[in-house]
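Order of writing sets the chain letters: A, B, C and D. Residues in each chain are counted from 1.
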């Protein structure tokens, strides 16, 4: 099945897990895509007493989604993740945007890099994924 | 704040994101912890027509949680994740259990390994995390 | 080209870089292989004044080699590395042995885990690699 | 011990392993450093009959060195590697240059990104390392 750039926002929403986290595509190009995750209380780690921040698993999910869709935008079809890596740079407490670009799109695998920034433009986490093409 | 082994299941549930995914601690020891993620339709990727499987982001979240709690069980206090890596070995479609054990618990960082298996005992994904101690 | 278990030690030595580092296969089976790196002054980082230990790049090389050969032992032919990850657990100062086992050997990729121990059996580093099969 | 930018090329050469591989610093700034690895027959994998390319372990070593020195340039003192990841994008057969920049330099850890290019400017591998600061 071929997926056009125009169809990507809807293609992203078809996954129930993306809807659970509230992920939305905010920009899609063959060179770069951006996916946004809202600030929501149920995406947090910790509790009110200890201090709360966006859970690392939610950020990893955002990175997986953005990297995956950067590759889908480049190759035109759905691709499974082979492996994923996330480096957490600072605690985050607001809406987050993941910007992903493809570093390689080969016949067997693709590699995408993802930067996650908060509303103030600060780099919160960086990720890298390998996808099967 | 010190966290005892007995308090770990409740400590896990205090994070709203863990409750969102339905994560539950099923076993806690200083050498190994196990965390379960239920099979739920809203944790899936894909759609009914294309075929569905547990989303890689949900599996990454499960791995982050299990690795984190293996280190908490070993050192006795909460620890933030420095980085996380996940290798996806096969698509998963049921309840998943992550078993985590600490490979190193040093003064500045700890490293934990996590195996994720499905209900049939098949290895679905493996993960490794570095945590700040 | 098919590579038998008996031929693996010689197959390892055919790579000039393996000979440069002095890597030698010490055990080869379809479930596990072990590769040894000698203690040599020119594999060290630092200088005599500041204190010296085996360079992380040499350890990464040992891990890549051992993981690669675990997959070769399992599938019977040479495989390129797609990606490699190394966690350094403690400084090392002697001969090192990498023990590698395959976690997955699929049609498109294989994943191998590698433990590196020193002469006293202490865990020095752990690695994980993905290889194209 | 404090290390100035001017002293970095010599500081790199003090490690015997860097000299073994022929690594040389070609540019050093607080925002970015570049390290070169020569093309040499003894850095290759494979044999003349099967085809040869620069060994992944040598490339991992180059990446570790470049990432490490990017952090040293930023913080002013030597730092050990906590973990290292390498993605291999295409086989390489000539001199390679690793360009590294710091993505985070915190109180406990720093993260550096490394791009490795060949003489034609093609991206050969990308790496990411976490270092203890």
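Rule of thumb we're sticking to: a residue touches a chain if its C-beta (ideal position, glycine included) is under 8 Å from a C-beta of that chain, and two chains touch if they have at least 3 such contacts.
The structure presented is a predicted model; accordingly, all values stated were derived computationally and were not measured.
Farthest from chain C in terms of Cα centroid separation is A.
Compared on C-beta pairs in contact, A-D and B-D come out with A-D as the pair having more. With each centre defined as the average position of its C-alpha atoms, the distance from chain B to chain D rounds to 33 Å.
We define each chain's centre as the mean of its Cα atoms; on that basis chain C and chain D are separated by 19 Å.
Mean C-alpha position of chain A lies 28 Å from that of chain D. Counting partners per residue, chain A has 82-83, 85, 87, 130 as the residues that reach two or more other chains. Put simply, chain C touches chain A in their complex at residues 82-83, 85, 108-109, 130, 132.
Only residues 1, 14-21, 41-47, 50, 52, 55-58, 60-62, 64-65, 68, 78, 80-88, 91 of chain A touch chain B when the two sit together in their complex.
For chain D in complex with chain A, the residues that touch the partner chain are 85, 87, 89-90, 103-104, 106, 111, 113, 123, 126, 128, 130.
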